[in-house]
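Structures are listed in the sections that come next.
In the two assemblies presented below, chain A is common to both, partnered first by chain B and then by chain C.
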Partner chain A sequence: MAFEIKNPGLATTVQDQGRVGYYNVGIPQSGSMDQYSAELGNALVGNPATDAVLECTYLGPVLVSDADAIVAITGAPVEVKVNGETQPQWTRLQLSAGDELSFGVIQGGTRYYIAVRGGIDVPEVLGSRSTYTLGGIGGLNGRKLEAGDVVPVGAPDGDLPALEVMPEPFRPTFAKEQTVRIVLGLYDHRLTDTGKANLLNGEWKVTPVADRMGLRYSGPGVEWKEREQPFGAGSDPSNIVDAGYAVGSIQIPGGTQPIILHRDAVSGGGYAMVATVISADMDLVARAAPGTVTRFAAVSQEEAIVARKERAELKTKAWEAVGAKP
Partner chain B sequence: MTTPSPVLKEARYTWGGDEFLFVEVDESMSLAANFKVMSIARKLSDAALAGVVDICPANASLLVRFNPDVLPPSSLESSVRNIELELQNHDEQSLETRIIEVPVWYDDPFTAEVAQRFREGFHQEPDGTDLDYAAKVNGLQDAAEFIRRHHEQPWLVSMVGFVAGLPFLFQLVEREKQLQVPKYLSPRTDTPKLTVGHGGCFAAIYSVRGAGGYQMFGVAAAPIYDPAQSLADFEDFMVFFRPGDIVKFKPVTEDEYNAIQAQVEDGTYRYRQVPVTFDASKALSDPRGYNQELMEALNGI
Partner chain C sequence: MGTIVSPLPGIFYRKPGPGKPPFANEGDTIEVGQTLGIVEIMKQFTEIQSDVAGVLESFEVAEGDMVNPGDPIVVVREG
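Take a look at the complex of A and B:
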């Protein structure tokens, strides 16, 4: 079976858990930005967590299913419509052949996910179905969806879970304020004390310059220590000899606007990174819409690893809550 | 004979959150630093530690992604520190690699057109060209002399990344002979595919069209990233360059460029390349003489 795309929406792409092992040649991990929401969509329709979904950004697609299908919409709050009639989110929905799925206006956050029983069945490229648009690989022909596309859906390979609805406590919130936990490091020693204080005590706001590569924040700015720049590093104190960029790392070109690199990150460059968002909070960052007020809280690496375990446990509990196997 | 590593201090170890170890071999760029980075990366890869996800050697530093559920950070750090120590005691000087001839149409119309669109507010000299500016800041007579300096001596691929398959290249000449050009004042939103660019002391070839801040000098005639893997040089992998590759740029005319394009179109184009053993100590003690030796390898094919 397949989905026929009547209207592609703003930036709808095929994503899964991502593509690891090729960052050393500049191919980023990609994958659903809000992994937690995408995965729970798969849980509701009886898919394994590794199945590919459609990631919708602000304006979702209008699509028609060419056969009976089972879908669930998770992630950012949005009005879900089947043949024009409103349907619940975080709930398993039955589509009949010819049914049209469409969306209203997003009510918070940035991205929502369409999980379909059987998974989106595009060919794997380098071990993943995720779309990396800049490199033109993965997904449907290496690009975001266009009107007229036919998106193949795979055959189901598991039982449907007992519950049709994800219980409220397991659904993430999409708030207008966030505290994002970070581990200081990399080049934080290049900041002045004032610079570091600004980063940690300041109030930062997500700017409209935010996409799958990264999110840019406005705020008080930071200060870099003056120094004679090392050979090959470039002239600005925020420059370093081009190095690998950690996913989730925060760079502050020129000391003005911090950028958090996300799943389609450029793999390296010449700007000093001063901290890295902990892996457990990457989904949270992905949920931030422009204007979201953000504070950065420094934690230790040990605390980051505890948070990582807690996130994994929460996910397992969510799968179990609907009676699905992760 | 000089050796690359004694001049380097112990690397700096720091963390990118709970999944990344960052090893800064040196703050400054040098062949010695890059060679040490590549040696650590190679040994770490050979060690095949469970939980290591990505090993990304860069110009003078190394980024390692790991899964802390499988490999505790402290174990990873001590493994890498042991490798570093091992290298100090038993330094590796040679690298089995290849030298590749990369045809470039310097001073081409594609990059010139894009440069025209990004002058005021973007470039240091809005009324001039990138090439003239590069010649001036390097104290050279004119663009022609800059171009000659650019392709006369070979370059080492010191890092692959930024975007898919983009090589950073470091010229194999003494520090005082390195070509250095500042990046654009503000990055462009467009750069033609296969632009040969330059920022700081690094050359780069843009594998895909997109944003960029490097000065633009020309355009490479053949692909370096081929997701469809249609050319023979991409049979094994969609990315052409690997860290440690040695590149000799070859200036081509518009006609030669078009001839290469035609070969790319019909799927017959092959890069001229030959395996070589790269000896870092020779490259450091007598760059010119050694470069001559390396480049002669290309004559035999």
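Take a look at the complex of A and C:
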């Protein structure tokens, strides 16, 4: 079976858990920006966590199912419509052949997910179905969806879970304010005390310059220590000799607007990374809409590892809550 | 009165490009589906179209301002 795309929305792409193992050759991991929401969509429709879903950004698609299908919409709050009638989110929905799925105005956050029983069945590229649009690989022909596309859906694999609805406590919040945990380094020593204080105590706002590659924030700015720039580094104090970028690392070109690199970001370059968002908070960052007020809280690497474990446990509990197996 | 809201966040523009005339002005007669402005987000420009017919009463957002989903952009006096 397949979905026929009547209207693609702003930037609807096929995503899964990501393309891991090629970062060293400059291919980022890609994958659903809000992994937690995407994965719980799979849980509701009886898919394995590894199945591909459709990621919708702000403006969702209008699509028609060519056969009976079971879907669930998770992630950012939005009105879900089947043949124009409002349907609940975080809930398993039955579509009949010819039914039209569409969306209202997003009510918070950035991205919502369409999980379908059987998963989105595009070919795997380097071990993943995720779309990396800059590189033109994965997903449907390496690009975001367009009107007229036919998106293949795979055969169901496994039983439907007992519950149809994800219990409220397991649904993430999409707040206008966030505290994002970071581990300082590798280049925080290049900031002055004032610069570091601004980063950690300042209020930063997500600008409209935010996508799958990264999110740019406006705020008080930072200050760099003066130095004679080393050979090979650019002339601005925020420049370094080129180095690898950790996923989630924060760079501050020119010292004014920090950028958090996200799942489609470049793997290296010449900007000093002052800190890295902990992996447990990358989904949180992905949920931030322009205007979201953000504070950065420094944690230790040990705390980051504990947070990662807690996030994994929460996800497992969510799968179990609906009676599904992760 | 019909209020046209932005379906997405971004920067609002009344003109298709620098130095070009605005898509529409106060007092203009507006048709259903007519483009009234554009919102830029993620390097993409999304046209904001009227879903009512009537006379353009006012712009609720200034050129170059940030809008959020659901924010009123234009008020149209229907009829």
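Simple rule for what comes next: the second predicted complex is superposed on the first by the 326 of 326 C-alpha atoms of A that agree within 3 Å, B and C clash if a C-alpha of one lies under 4 Å from a C-alpha of the other, contacts with A are read in each partner's own complex, and residues count from 1 in each chain.
As a convention for this text, a residue touches a chain if its C-beta (ideal position, glycine included) is under 8 Å from a C-beta of that chain, and two chains touch if they have at least 3 such contacts.
Just so we're clear, the structure is a prediction, and the values are computed from it rather than from any experiment.
If you put the two complexes together on chain A, you find that chain B and chain C both fit without a clash.
Looking at the shared chain after the overlay, A:Thr86 reaches neither chain B nor chain C. Judged by the touch definition given at the top, the superposed model places A:Ser249 against chain B, while chain C stays out of reach.
Applying the stated contact rule after C-alpha superposition, one finds that A:Gln301 touches chain B and leaves chain C untouched.
Of the two partners chain B and chain C, more residues of chain A are touched by B. Residue contacts after overlaying the shared chain place A:Ser279 against chain B, while chain C stays out of touching range.
Once the two complexes are overlaid on the shared chain, A:Leu59 sits against chain C while remaining clear of chain B. Contact with chain B, but none with chain C, is seen for A:Gly270 once the two complexes are overlaid on the shared chain. Here the smallest spacing between CA atoms of chain B and those of chain C, following superposition, is 10 Å. Common to the chain B and chain C interfaces on chain A is no residue.
Contacts from chain A toward chain C in the complex involve residues 10-11, 57-59, 105-107, 208, 210-211, 289-291.
Interface of chain A with chain B (complex): residues 20-27, 125, 132, 134-137, 142, 182-183, 185-186, 230-235, 239-249, 266-270, 273, 276-279, 301, 304-305, 308-309, 312.
Interface residues of chain B, counted against chain A in their complex, comprise 14-20, 22, 24, 26-30, 53-63, 65, 68-69, 73, 159-166, 168, 175, 180, 182-183, 199-202, 207-208, 210, 225, 227, 238-239, 241-242.
Per the touch definition, chain C reaches chain A in the complex via residues 5, 7-11, 40-44, 46, 66, 68-70.
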